[in-house]
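Here it is: the structure, laid out below.
A, B, C and D are the chain letters, set down in written order, and residue numbers restart from 1 in every chain.
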Amino acid sequence: MSEVRTLQIDGKDVAARSDETILCAAEENEIHIPTLCHLEGLSDVGACRLCVVEVEGTPKLMAACTTTVEEGMKVTTTSERLVAYRRRAIEMLFVERNHICAVCVANNNCELQAHARNVGLDHFELPLMHPALPVDASHERFVMDHNRCILCTRCVRVCDEVEQAHTWDVAGRGTGARIVSDLGMPWGSSTTCTSCGKCVQVCPTGALFEKGRSISEPKARRPYLPYLVRVKERER
Amino acid sequence: MRELGYRPDALIEVLHTAQEAFGYLDAQALAYVGDRLGVPQSKAYGVATFYSYFTLEPEASHSCVVCTGTACYLDGAGALVSAVAGLLAARGQEAAPDRWLSLEEVRCLGPCSMAPVAVVDHEVHGKLTPPGLVSVVESL
Amino acid sequence: MSKPKLATIWLDGCSGCHMSFLDMDELILEVAERADLVYGPLVDAKEFPEGVDVTLVEGAVGSSEDLRKVREVRERTRVLVAFGDCAVTGNVPSLRNPIGPRAVLETVYLEKPTHNAQIPSQLVPELLEEDLPVHAWVPVDVYLTGCPPSAARIYECVKRLLDGEAPETVSEAVAWKFG
Amino acid sequence: MSAAAPAGAQPPRASANVCQAASCLAMGSAQVCRALEAEVAAAGLDDVAVRRVGCLGLCAAGPLVEVPEQGRIFERVLPGDPSSREGLLASLKGEARGGRPVASDPFFSRQVKVVLERCGTVDPENIDDYLATGGYEALAKVAGSMSPDEVTSEVVKSGLRGRGGAGYPTGLKWRTVAKEAGAAGKFVVCNADEGDPGAFMDRSVMESSPHQVLEGMAIAGYAVGANRGYVYVRAEYPLAAERLALAIRQAERRGYLGARVAGTRFSFHVELRMGAGAYVCGEETALIASIQGERGTPRPRPPYPAASGLWGCPTLINNVETFANVPSIIVRGGEWFASIGTERSKGTKVFSLAGAVKNTGVVEVPMGLTLREIVFDIGGGLAPGRRFKAVQTGGPAGGCLPEELLDMPVDYESLTQAGSMMGSGGMIVMDDTTCMVDVAKFFMDFCRQESCGKCVPCRVGTHEMWRLLDRMTRGVASRWDLEQLESLAGMVRAMSLCGLGQGAPSPVFSTLRYFRDEYVAHIDEHVCPAGSCHMGTAEPAAAGVSPA
């Protein structure tokens, strides 16, 4: 059974359950830590590094989404250094692929774009890599545009953990890493995809989208994940 | 596979075995392995493309692996690679499907005292010079 | 005291940012009042003048001519504004970068045309290897994002710069979003 | 397979110990062995044994053959050259001539062998050789007469610290795993994924004394309450894997591994797992993923593997050299071990010496010896006419140490303070023809290719740093590029998820700290002081990003 822990986040005394993450505890206390790969209802992987925080007594920065609270912890969620580093991380996501907001289906509905705005990112110091990447439009209803993918793996996790089809996974490594369906074949020829569309729903950018959507057209956000997860837990 | 008990965690071992048997991992092999071990296809593909030892392309008849670990790098591994690449280019065979020779770079094979090192058809050659390696390769 | 000199220039872009500039409605009269518009697509001047106070550069740098111009502009301008996403990031024109200029020219001039297919070589500037943002070539003082930036933000930016505000504080004030 | 004397037979008057580790094998030592057997037989020397042994250390001069009775090591005994065996055969006949005298040669005499005690003396493919030198005595003692806590206490007392890199106290790690409940079982994992380029000590240990590693693992299993172990060997080491697999089978047959270890109720099963070419799998959470048959991507810690490792079970992970130290600690006691080395770094450390040094090979020295003693006394210094510039330790997460630090003692703290690290023990000597910017680029290229791609700071950051370093080595970089490099290095170190990314900027930091003038020369003067970079004629206004 979980117990109660008391800790400080940004100087504010907060109480949390011992199995809660710093991110969770912060959210409950209206302290907002930026996140990108995190999505309520999915497991956390600590990959995007936006939610890193300073914990007193630890020289390393800790990902708030994967670090559980401890008694007496003193957490800082915003500092000059953290803001600069987060900004750099967002910049890196922009420059590694071809994120051209003006012609993206997710324009104005994109979490990456919103983060850039929040940290005041108005240009890139790093040169754009401009990789040649494919757009997979072979699925009858959906499109995967690798130019917009930030490898947050939300699609991989929702497909594995919630839909349990495990159509998506990550192939390759380093800057060559790509989201793939089945054996790297076109999405449309996937034998495991149930066309449920959950991956499209959870994609934070314009990498996965429904056919027929135009630029900037708002996408309906359906907060069904926590509900589905609860149903599954009850079944178990 | 039977030996390893059809467990999902045997994936890498089984892929090693499959590659040894067929020379490379094609879609059919990956699908079969995934199926038998209860590993989703995309995961099998993800694993096969993560590790540099696995190849999804048919093997060339001969292989030349140049070590580019620190000691070899400092001792001129780069020149070895360019020499063999030059030879391949001259023969116009680098992209043919039934290639004559595959040229690979690998990070540190361990015999650093013999730097620079290359492995030609599984045989280790040390203290190489570019002409030396070219003559080894040409003798294949 | 003479009025500050304002210039605009149009490189590799769609001119949408200039359209947005014109979209200021009556505020454009105020800008005209406050500054001398000494160069731009809207002005009949052949040569980019010396001693310009503020220049809005629309578009990315895609050709040898763009590069020559942007270097000249930088030399002759005190505060250079990367005006819109193309100037700031490369944006749509930079979509050609993954495939390279040769492939673009071949597709446009050789494969697609139904007659007289040839790549023009006279009187047109050479395409650079990559289509890059302005700050890849010359220092930029203020980044005005947007595709296009709204008329209100353009006005805000120009007004503050004409008022003599430091480029850093102007940058912060007009920072918005891409797209 | 082995020429170990059968029980009851006369011990040989003299023996030729022929090195059968990878480096000597590559120079033809297997053929040397056969040729020697024929020649010994032809000369009628029936009281001479030709034995196949593990690494003799001086890999630079292989194939190596030792005649222990004469205390001499013969170098470059080539298969196709009978004249290279003349001195050796004379020595086997009893004449004291030729070869390199072990007792007076600093390469051998300055070493202290704990881990390498049996390297070059036992046949790695024969368990009897191992048993004859006291092998598995420690395990029998532990399982037969010590409590798990006593074992752990002995290791704590020894002061042994992890030999894989970071130097975490081994005893403490064991205690943490021992305390875990582990209702579903616990695991012991031997990290044999020696991936640092230029490091080959662990390979040498596995190829030369595989049983010693297995014995260390079994003792650890007993101490922490684990009944299953995995050795994760990198795919580039087929010989090491082969010998370990053979050793596992032999040990199982003899009852030192398996159901009833040394006749006690303790059981310990060991399985071999092969890597498949991914440096990041040396990181413990990635290694766990890889053993589980997954992509070798690290995950954030905590939870540490000690609490949640393989399949969520408490898991003890140590590296090859750490385990190889354990049997001696049990037999001779923790206090004996702690008497070697320095205050905070106990025992010995095995290094692989490579690069521009005369005696390249594997050496074991007490902690606290200076870099100068290792490079110049043991390593024999540089080739004539070459000038020492730097020694690189710690692999891609380590650093380059300059001449002025040569008198620094080699221990965990000193190396870290100097901006490098102990790492697994690779030591690469660089001379004045090596460009330090190019070295930094080399390591960054390595990290960029080995980055797993999970977190963005490492995935993109290593690529961007490599690009900047590449510009510098081509003579097209500006001061702005240098500023960017430093800024990126700080961010990648702080923000990356695992040790690969956190350590990747280290070679940049250390070369900037000690060799900044070389960076400046590349940038301001377009000159490579070492003369190794091909500086093109400056490109007209390269498309770098210029400052606002």
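What we mean here is this: contacts are C-beta pairs under 8 Å (C-beta built on N, C-alpha and C of every residue); 3 or more make two chains touch, one makes a residue touch a chain.
As the structure is a computational prediction, the values presented were derived from the model and not from experiment.
Undergrad: Please work out which of A-C and A-D is bridged by more C-beta pairs in contact, and write that pair.
TA: A-D
Undergrad: Determine, using the mean of C-alpha atoms as each chain's centre, which chain is farthest from chain D.
TA: Greatest centre separation from chain D goes to chain C.
Undergrad: Distance between chain A and chain C based on Cα centroids, please, to the nearest Å.
TA: Roughly 34 Å separates the two chain centres.
Undergrad: Could you put a whole-Å number on the gap between the CA centroids of chain A and chain D?
TA: Each chain's C-alpha centroid was found; their separation is 38 Å.
Undergrad: Report the inter-centroid distance (CA atoms only) between chain B and chain C in whole Å.
TA: Centres of chain B and chain C (C-alpha means) sit 49 Å apart.
Undergrad: From the C-alpha centre of chain B to that of chain D, how far is it in Å?
TA: Computed from C-alpha means, the inter-chain centre distance equals 23 Å.
Undergrad: Residues of chain D touching 2+ other chains?
TA: 278, 295, 449-450, 452, 543-545, 548
Undergrad: Can you list the chain B residues in contact with two or more other chains?
TA: Each of 43, 46, 50 in chain B touches at least two other chains.
Undergrad: Check each residue of chain A and list the ones that touch at least two other chains.
TA: Touching at least two other chains: 123-124, 127, 170, 172-173.
Undergrad: For a test of understanding, state which residues of chain A touch chain D in their complex under the given definition.
TA: 45-49, 52, 60-63, 66-68, 81, 84-85, 88-89, 92-93, 95-96, 123-127, 129, 150-151, 170, 172-177
Undergrad: Along chain D, where are the residues that touch chain B in the complex?
TA: Contact set of chain D toward chain B: 22-23, 25-27, 59-60, 62, 194-200, 203, 235-237, 273-279, 290-297, 352, 354-356, 360-361, 392, 426, 428, 430, 434, 439, 442-443, 446, 449-450, 452.
Undergrad: Can you tell me which positions in chain A touch chain B when the two form their complex?
TA: Residues of chain A touching chain B: 160, 166-173, 180-185, 191-192.
Undergrad: Name, in rising order, each residue of chain B that touches chain D in their complex.
TA: Within the complex, chain B contacts chain D at residues 7-13, 15-16, 37, 39, 43, 46-47, 50-54, 68-71, 73-74, 106-115, 117, 124-126.
Undergrad: In their complex, what parts of chain C are in touch with chain A?
TA: Per the touch definition, chain C meets chain A at residues 82, 85, 88-92, 94-95, 97-99, 130, 132-133, 135-136, 140, 143, 145, 147, 171-172, 175-179.
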